[in-house]
Structure formats: structure tokens, C-alpha cells
Amino acid sequence: MSTVTNDDFKSYLTPFNIVTGLIIIAGLIVTVIRFTGGLGAVTNLDDNYPWGIWISFDLLCGVALAAGGYTTAAACYVFGFKKYHSAVRPAVLTAFLGYALVVMALHYDVGRPWRLPYPIFVQQGTTSLLFEVGLCVFLYLTVLFLEFLPTLFEWKGWRKLRDALVKMTLVLVIFGVVLSTLHQSSLGALYTIAPSKLHPLWYSAYLPVFFFVSSIAAGLSMVIFEGSLSHKYLHRMMDSEYNRNHDDVVLGFAKGCSWVLFGYFALKMIGLTYDNNWSYLASGFGAWFLVEMLCFVALPAFLYAVGARDKNFALIKWTAILTVLGIVVNRFNVSLVAFNYHLPSEDKYFPAMMEIIISVFIVTVGVVVFRFVSTRMPVFFEHPEYKGQH
Amino acid sequence: MAYRKLVLGLSGCLFVLVCVLFLQADVMSMISSSGKDSGRADLIMIQAMAKQTTKQASAVQFLHDAHTQALAEQDKDCAACHIKDESGTISYKYMRLEDPAANRLKDLYHDNCTACHAENAKARMDNPGPQIGECRKCHVEPATSTQAWVSGGMDNILHYIHWDSDLIAKDEGKDTNCGQCHHEYDEDKQELVYIQFAEEGCRSCHTSEPKEPVKANLAEAFHGQCVTCHLENKETQAERNGPLDCASCHGGPQRLEMQAKFAEKLEEMDGVLPRLPRQQPDVVLLAAKLPERSKDATHPTLMYPVPFNHELHEQATDACRDCHHETLKSSCTDCHTLQGSEQGGYITLERAMHAPDSKSSCVGCHNEMKQDPSCAGCHAAMPQGTEPPASSCALCHVNPDILSQRSMERQSVDYTDYTEMLIPAQASGRQPAGEPVVIPEDKEGRVVLAHQLIIDRRGQEALLIAEEDIPNVVKIDVLADEYQPAELPHRKIVMSMMEKMQDNSLATTFHATPVTMCQGCHHNSPLSAEPPSCQTCHDQRSQEGRLGRPGLLAAYHIQCMSCHTEMGLEKPAATDCTSCHKQKEN
Amino acid sequence: MEFNSMHEFFMHTKTMTYLLMGGILVGAILWWQFLMGEKKPIDNPHRTGEGHDNGHGH
Amino acid sequence: MKRRSFLGLMGAAGAGLAVPATARAAAKDFRGYHDTPGVLFDGTRCIGCRKCELACNQVNNLPEPEVPFDNLEILNTRRRTDSTTFTVVNKFDTPGGPVYRKNQCNHCLEPACASSCFVSAFQKQPDSAVDYDETVCVGCRYCMIACPFEIPTYEYHKAFTPRVMKCTLCGPQMRSGELRLPGCVQVCPMEAMIYGPRNELLTLARRRFAAFPGRYVESIYGEHEMGGTSWLYISGTPFSQVGLREDLGTKSAPELTAGALAAVPVVVGVWPVLLGGIYAINKRKEKIAAQEQQQAVSAALAKAKAEAKENLDASLAKAEESANRRVDNEVKKAVKEALAKKEEELKAAEASATDEEEGK
């Protein structure tokens, strides 16, 4: 395993690097086509489906899965679970990278990306929920960057700057939670404007609440999932402090996630009751809704509980994957499957190859940057000079 | 691990559930309607236990005609399943005259049905029918057939075929046979008697829930009466007998077929059906019954009475009950009084005659006639509203004085005096000052008045101004821009419409002046042989100020196209511009 | 079920929601107990491992 | 005063009294611009000639379509608006024969596109047109998600200047005086569309219902749908059979998102307070724990000290006692020895005395 990240020049041609390289090359080619030929040249988007996989996966899933940043930070700094401290840095790094990639993906998706600052700096459409999302993502990205900077400064050895920033941690964390709450929920609220297009089983006035609550579960699960991945591939970067606390983090997060998923399931049921949508369950869409609710919400909640009780780390890890998948399924359902449910199947959208390439490309870029940062900067370990200073 | 089994089990259950849901998804989302036949007239749902609180087995779908046919092949008839009462009337019910208790009824069906089927099996028939033990062959669920059933009433021509028939015995000492079906209950004698010229429609007494002393409900009465007689005819091998199966009377397609056959028959009789021998009046003077009042009370002003050609309307309606919807024994004004009465459901005389959407009212029926393609071209475009237009009042409520003043010369070129007819009605429908018209109190007097003064004077053929006065071709060129001017074959259109209303007494009566018909197109203008140009009202330039009134371009198109559509003229297609105005050649 | 007015509809759904909320409260307590109840003592083999050989992926 | 003008004044006074009262009573109930124009489309008049499509194309200088406008075969396929077509006429087969309906932007009274745009590129104008400003549009296409009538379209094939495209109600052309009516309304040979004040159109539609009973489905589509639209439709067939969705509801887009937007300040206001409070509680707990620990330590220390002292004292006392005892013993011993010595000396003296006596 350690051969993968061998710094030796000769071993650069590892399978990992080859695949990564190919994806990046393909991504760059499609990028050129996208920005010279327009959206129509690379996507299957049409007038019925103005939002495709780039919004469903890169934006909705990306933002939800990057929720680990604010949940971990809040757990550690606000709720005082000090033993999670070692998990904060990887989570914040992931979140920062996640949001940066979301913004990068948006450059592909919007028609005129150079105007992305317009809603904030030129003309503000404050009645739009997308405005709120944009503003929050913009601010939160800044916050995450500031939260991440100490890591960079420690690496570079800029002590004064680092100390000044660390003092602001609490403010940044609370600000981050506020912003995250807002834009996580607003992503769901985006769809409240189109009750006629979203299938009644997924449409609800509670959509923002659903999105927010499920984002917590997504964030916690992502931290568990990434932790296990990092353990496998970046083990040598971890100090004993990180490793000692890792099990506590996993168990605590598993319990928390189980609890949140239980709440999420209950909320979804309330939403169903409130709109009296039970009759829709007896249809094709209803079956799919039940699959989502039972296999991707109820089941992980139960498995997490069992895993936490038995201290079964393998089960927790697999459940984390299941939960993450569940969130992805949910976001795809809202934005693609149940969206335009009234259209005949031949008018339905399916992503084009080049759209998928760009999505994979962006994820790959994220992984590469994460590896670059975490193998150099004090992410999984405490910088020897700053031990115990937090 | 303590929970491995539990987790595996639960996951397994979920997986199975998912699979089931996926497989079932299509079934669940489908509305099950396909796979059934289009509906049968002879389907009877037998549910003997329906009166019980607990349902025991699903209802039996009994296909009556299938059984009738099977019995006929075995040289059996209705009597195989239906018994006759002491008077020889066949019972509408299966193997019984009266309904026993539910349990006994169940046994009755089970015993008799299976007994017959068992015999069939013994006789080695191809399809003996379900045997004992094959419960689900009869008690099928869900239903595989649907009921489709039309009312099998007697219309005028079917009625004629019966009373004209030699196969039906004549009444004692008379040359009619009405008494064979029509009857009345004599309370003194406690029996059914026949009184000539006082025949009543069956539905008056035999309602769906008849009151004492009437015993049979509508279905029982009709089936008892009709089927018994048809069966007798069959038994005596008369030259023909009426239908003994369900579909002939109650099947939609069969009914249509029968009507087509009758229409042919009517054609043979020159379209005139002999009148019923019930001594009904030829003409009636419809006038409101005045409420009782003291001698010195002021006499109210009333609308002029309406002379009504009963004979003509007998031909135009399907059955007596189209108008006489409750009974034949009283007149309209008995129940529908000026103020409304409980008997008449508080429907006033005015509503009863003018309700635009009722099938029994004059206006309602006439409105329905206007939907005929020959009429609809003009009439569909005319705003109806909830009331008939005031100008039409005087067409029915005729002032005898004015008629008597008018010259008897019908073909007068000068038609201006026709408009005078409208005047008294237009003044809020009240009588003009002067001597009120005296309406005779006695029936004969009224009939005479109706005859002499009004009905005899009504036109027998449609009125129209002289053909040469009708512009031949009208060139519409005011808008010619993209296309060449359109040439409207004006006279041809008028004459073809005249042809269509040639034999239509409704049209000849109501198109009361030679220029009435012009108003189909030249609407909203005074009666005149030279109506004002369309542009007078239809201004092309601006939409403002004429909201909802079409501009000239649209006025022409709407007029022509909607008329063509309503009259069912396929050519020219509305979107085929060049068929009316040729493309301009540049 | 058929509703003829918004009042009727809300009367139904809000009643059902209240019932559901009650059920959820009870369920939440049970779930909490299930979640927090640790069947096994703390001497799980995974926890004895220190640092690098804590046996993940077994 | 003439009777007529007196009556007029009375009416005006009455209206003057009534209007502000109702306006005040329903302060958050907006009725749009006064006398805002609209278009009434009468489905029983449309013959499907596609002249409106042609006019729209010409008036807006749109590219020539692949299928020419005089080809009516295309009506057999269901079409929607696209970036080069602002309006389409669709044919619907009904039991009563084919029925046609024109589709274009309905110019909602409370447009979903305007509500959803995060750069405010859409504006409802006093002349009813919902205008689009391409100079600020980012191209997020949220308007297309939001529109319940599926009207806005996008120029997907433009790399640098893609725009959202939709019917403008010929607002620009009418404002500049180029047109007096929207292009499609102007050209319709059947006047299936009528342009005029919206409230008068509603009255006109109802007059038609009354004048031709049975001809229309007696409801006006667009009167209340999604908060009301400037285009109104009346039809002889149920609206859902001519592609007009009847399940849109009457809530306008701003109403639909109002709840979510109202939650924003709540989150901003409540979260910091709540989280700060939780943080403070946790901090306090930690502090108290630390203090208690300190106290415990010092108490233990003091206790140990005291114990040690006690031990010392005790051992000191013991030592003294033993010392004293030793001194006593020594003294006793010395006294004893001294006494014994004395006795011996006495004995010796006696003996010597006796010896002296004897020796005498």
C-alpha cells in the first residue's frame, strides 16, 4: 500500500497516477470543448431539464458531503467534544476542498461563469433562494479557508499569523455553522418554488429542513468514510494522537449519525403526513420512495446503532458508505428522478458521457489536492512545534 | 457478533421488500381497466345475499342472452327459468313470483341452476355450465364483464308498430287494440279495467318504487307485459314475435340498428306516422290558468296565449312523455301555474315553457333542434343566454288583433309590417292599451281561435325575398393585401340554406319574415333586404374600444369558418387560405 | 378520503401529524436507549490495540 | 347642478371612500399594476394556422425554422417553446375533433422566473410584460426550473453569449411604438386572442360563457393559477386535455418560497446565540471542573501537610519522653551508684572503725 505514495521518482508511474493522469487529461479536453462550444456541445441538458448531473452531483451532493466540516468543527469547538479534535483538520480540509470544487463545477455549469460574482457585487436578486445559496457558499468558502489557513501557516512556519487566526476559531466555527445551516437548507428550498414539477412524495414545504438534517448525517458519515480511507492510504502521516482518538471519533460519530438519521426519518414521515401523500406510495414512484426511505435511511440508522453498540468498526464503515450513497440517491431523486415526473419517459434526461467525465474529473482533482495537502501539511498529525496549542 | 443474524435478517427482509415493490410497481400504478369487453346489455349481477350484512361470496355474473340462446338450442324457452302467475303473466324473477328469505333464495338459485347444468352434463353437452363444486366459475371476482345498458322505452314508431299490429287482438267491440296493454285500476271493482281514450303512459303508475295499489315496478311491469306477449306469439308460431332476449331492447348498438330500420319504414310511409287513436287535440291554445280572485279585483295583464300545433309536435317528438313527462291526463297548466305549485315542483308556467336547458320545455326542445347541422351554422353563433331573446316572444305569443288586421296575402313583397308583430311583446311583453283580447273559456272555442286566427295562417314554406334581389357574388376586397379579393357566392349560399329548411316546419314558422334568414350572417342589424356593411360595426383598425367584438378580418373568418364547421362542411379546410382567396402574384 | 375545504384537509393532516409526533417521541426514547445501551464491556479487542494495529478492516 | 353630474360626483365620492379602506384592509394582498393589460385566448376559435408563430418569428427577428410555417403537419407532434421559438401552437385530439392551443410565456402577475432570479434579470413591467435583462444574466437557469409553465428556454449552443429566451409580449416593440398589439394577437385571422385590460378580459370571458352555454368549460385558466397570469385561456375542452396543467395551485412563486426565505434571519439570529450559549456552558463546565480539581489538590495537600506535622509532633513528643526517661534512668542510676558508693564508704569506715577498735 505504501508503494502508492512512494516519493521515489521512478515509482510515479503507479496505477493510481496513471488513472488520475488519464482522467485529468480527458477532463481538460472536455473543458476546452465546453468553453468553446457552449453547454450544448458537452451536455444532454435541454429546455425541460436545465439542471443536470453537474447540479445534482457536483453541487447538491458535493455540498451535502462537505458538511463534515461544520459538523465536526461544531462538535469539537462548540459542543466541547474535545476528543474529536484530531478529526477537525481533515474534515475542514475536505470541506474546503469540497466547496472549492463545487465552485469550480459551477463554472462549468452556468452559461457565463465570469459573471458568477454578479449576484453579490452587481445586482442582488434577494428574493431568490439561489442568491442566498450563492452568498452563503461564497462566505463559507472564505470561512473554511480561514479555518484551514493555520494548517498552511504551521507548515510554512508563520507562527504569528497562525496564532492570530487560531484565536478566531470559535467565531469562525459559529459563523460556519450559521452559513452551513442556511445554504444546506436553501439547496432544498430551491425546489420549493416548483411544486408542480417535483413529485409530491419528494416535494414538501419542509424540503429545506430535510436537506439540512440529512446534510448532518452526510457530513458525519463522510468523516467516518474518509477516516477509514485515509487510514488505509495515508497512514504514515498520522501521529499517535490522531490514531488514539480515531476510534472514539468513529464511535461517537456513528452514534450521532444514527440519532440524526432517526430524526430525519421521523421528519420525512411527518412531511408525508402533513401533505397527506400516503396514496402515492402505491405507485412506481412510491416504491422508489420506500426504497430510499427504508434502505438508505432506516437501515443505516439501525446499522449505525448496532455498530456503535458492538464497537463493530467494519459495520460502521460500511454503514457510512451506505449513508453517503443514500444522500446521493436522495439528491438525485429530488433534482432528476422525481423532477419533471409528469414528462413522458422519452423526454427524461440522462447525462452525456462528457458531463460524467467532467464530474469525475472534478472529484479526481479533489482527491489529488487532498493527497498533496495531507502528505505535506500537518493535517493528520499535530505539528511538533504547536503540540497541545488549540 | 451478537447482532449479525439480526442485521442479516433485517437486510434480507428489506431486500425482499424492495424486490417485491419493484416487481409490483407497474401493477400498482396501473389503473386496471383493460382486458374487459366493451360492456354487455344482458349482464345481470346475481347477489342473493346482498340483503345480508355479511357478504358470503362475490356476486354471480349471469349472462342472460347466453342462457336464452342455449335454451333455444334445446327447444326450451323462458318458462324453463321463469314461472307464470295465475293470470299467465311471466315473472321477471328467476323461478319465483315473490322474494323468499335470503337463505332460501340462495338455495333456490343453487338448486335450480346446478340441477339444470347437471342435466346438461348428463346429456353430454359441449358446455353444460358450472357443476356442483365449481363455485368460482359462477362467483367470479373481479368482474370480467361490464354492464352497458340502455333504457328500452316505447317511442312513437315502436308504439305504432304495436297498435297497428294484427297479431295483437282487438279490444272487445272496438277496432283498436290499446286495451291489451293499457289498463287502469278500478278501486270499486278491485280489478284492472280499460277505459278508451283515457290511456295513460306506463311510467305514470309503474315507477321504480310504485305506491299502492300498484304492485309491479317499472321493470317488472314492462318485462311481465312485453315478454309474456312475445312468448305467447312465439308459442302460437305467429308470423313474428317481439324480442325475447335482453340485447334487442337494451343493447346500445341493437337499439341504433332498430332505429335505422324504423327510419326506413317511416320513409316508406312518406315520413308521416299515423296519429294515435286517443282523440288528442289537433291544436291547443296554451294560456295560463288565472288564480281565483274576487270579482272586483283588477284583471291582470297576461301574455297572449300561444296557439300550439299538437298534431305537428306529435310527429316531431319521440314519445308523448317527451312533453307529458308525468301524466297524460292533465294539462301543463294544471301543475305549472303562474306562481308555481307544490304539484309542479314550484316550477312556474314560465319556466316550464321557457327553461332553455330542459328537454320538456318548448324553448329547451327547440334549442336542441337548433343543434342539427342544418340549423347550427347560424344558430350556434347566436348568443343564447339564459332567456330567449325578447324579440322572439311575439312569434309564439301572437296578438290575434294584429293578425286579423294583416292581409291574407302571404307573398307580399312588402314585409315591413311583419316587424309590427314584435311590438307588443317588446314593450315588456304586456298587452297594448285598449281592449284586451278575450280568450274563450271553453275548449272548443279555444281550438277554433287557435285554428282560425293563427295556425291556419302560418306559412307552409320558408319565406325569402325574390331570388333576383339576392346579391349573386359578393366580392370582399376591403382587406385584400396579401391575397386577392375573396369572392363569396352569396346567392348560392342562401339558396342552399333555403333548400335545407324547405320541409322544416320549425324553420318555416320561426323564420317569420323573408329577411329573418339573412340575419344568420347579417346579425344584430335591423330586418332589411339591404343590411348595413360589416365594416359598420367591425372596425379593423384598433382592438381597443371594441373589446370582444371582432375586427373586420376576424369577423369574416369567424363567420365563415364557424358556420362551415357547425354545418359539417369539410371543404374548404379552415387553414387552406387560398381556397377562398387566391394567392397574389407578384 | 375526500376533502372539500382546506379546513377539513388540515383537520385531517394535523391530527395525523400530532399522532405521529407522539409516536416519534416514544420511538425516540426507545431508540436512544437502544443506541446508548452497550451490550459488550469496554474490553473490545479493537480498543486494546494502540495506534497503528487497531485492526481495521478485519 | 345637473342630475347626471351630481350622480357622477356621488359615485366618485363613494369610490373614494371605498378604495383606500379595502386597500388598507388587505395591505399584503397585491393586485398587480392597475388595469394591467392581458391577452385572452379563446380555444374554440383557434384553427391552428400557425400565423401567430410566423408573426412572432418575424417581429422578434428569430431565425427561420427548419419546418416552414405553412407546414401544418408539424402540429401532429407535440412541441414546446425553444430558444428560437417563443410561441407554439399544439394540436390536441379530443372526442369532439382536433383542438388547438397556443403556448407562450403567460406573463404571470407574480412571475416565478423573476422570483427565482438571483441577479433580478426578470422584471414585471406595468404593461404586463415580464422583461429579461441579458446584461446581468449569469446563466444559472434557475428560472427554467422555477417556471411552472415550462416557458423559458436557453441558448445551449452559444459559448460566450448564451441567453434565456422567451416571449416578451412584444414589450420592447410596443414601447417603441413599432407595434400596437403583440405580433401574434395582431395577425390572428380569427381573433382567437384579444388584448386588453385584464379585468375586462375576465368579464368578457364570463360573458361568452353566459352567451354560449355548453360551449365552454366555464372557468378561466390563468385567473388564479400560480397567483394569476396576464394570459388567460378559455376552452371548450377541459384544460388538462389541451396541455394546461390544472394542478398548479393558486399560490404564487413568492408565496411558495416565502417560508424558506423567512427562516434565514431566524437562523442568523438564533444560531449564534444558541451555539454561543452552548459553548459558554461547556466552557463554564470545564472551568468549574478545573477549579474543583485545583481545590481538591490543595485540600489533599493541606491534609497531607497536617498529617505530616502531626506525625512530627508525635514523634517529637515521643523522643522527648524517651529522652526524659533516659535522663531519669541515668539520674536514678547515678543516685543509686552514689548511694551505693556512700554505703560502701560507710561500710568501709565502719569496718576500719571496728578494725581500729579491735586493733587497739
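To keep things simple, chains are lettered A, B, C and D as they appear, and every chain counts its residues starting from 1.
To be clear about the criterion, a residue touches a chain if its C-beta (ideal position, glycine included) is under 8 Å from a C-beta of that chain, and two chains touch if they have at least 3 such contacts.
Since we're looking at a predicted model, the values are computed, not measured.
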Note to self: I'd like the most central chain, judged by C-alpha centroids against the all-protein C-alpha centroid.
What the structure shows: D
Check: Which chain pair shows the largest tally of C-beta contacts?
Finding: A-D
Next item on the list: Report the chain whose mean Cα position is at the greatest distance from that of chain C.
Entry: B
Item checked: Separation of mean Cα positions, chain D and chain C [Å, integer] -> 27
Item checked: Centroid spacing, where centroids are CA-atom means, of chain B and chain D in whole angstrom -> 59
Item checked: Distance from chain D to chain A - Cα centre to Cα centre, in angstrom -> 20
Checklist line | Distance between the centres, which are taken as Cα means, of chain B and chain A, whole angstrom | finding: 70
Next item on the list: Return the residues of chain C touching two or more other chains; collapse runs of consecutive numbers into ranges.
Entry: 39-40
Next item on the list: Hunt down the residues of chain A that sit against at least two other chains at once, touch-wise.
Entry: 309-310
Margin query: Can you list every residue of chain B that touches 2 or more other chains, as numbers and ranges?
Written below: 2
Check: Where on chain D does chain A make contact in their complex?
Finding: 80-83, 112, 114-121, 136-142, 144-146, 148, 150, 152-163, 245, 247-249, 251, 253-254, 256-257, 259-261, 263-264, 267-268, 271-272, 275-276, 278-279, 282-283, 285-286
Next item on the list: Name, in rising order, each residue of chain B that touches chain D in their complex.
Entry: 356-357, 380, 383-386, 542-544, 547-548, 550-551, 553-554, 557-558, 561, 574-575, 577
Checklist line | Footprint of chain C on chain A - complex, ascending | finding: 228, 231-232, 235, 240, 243-244, 246-247, 255, 258-259, 262-263, 266, 269-270, 273-276, 305, 308-311, 313-314, 317
Item checked: In the complex with chain A, residue positions of chain C that touch it -> 1, 9, 12-14, 16-17, 20-21, 24, 27-28, 31-32, 34-40, 44, 46-47, 50-52, 54-58
Notebook entry, point to check: So in the complex, which bits of chain D are touching chain B?
Noted result: 45, 47-49, 72, 180-181, 185, 188-191, 194-196, 200-201, 204, 207-208, 210-213
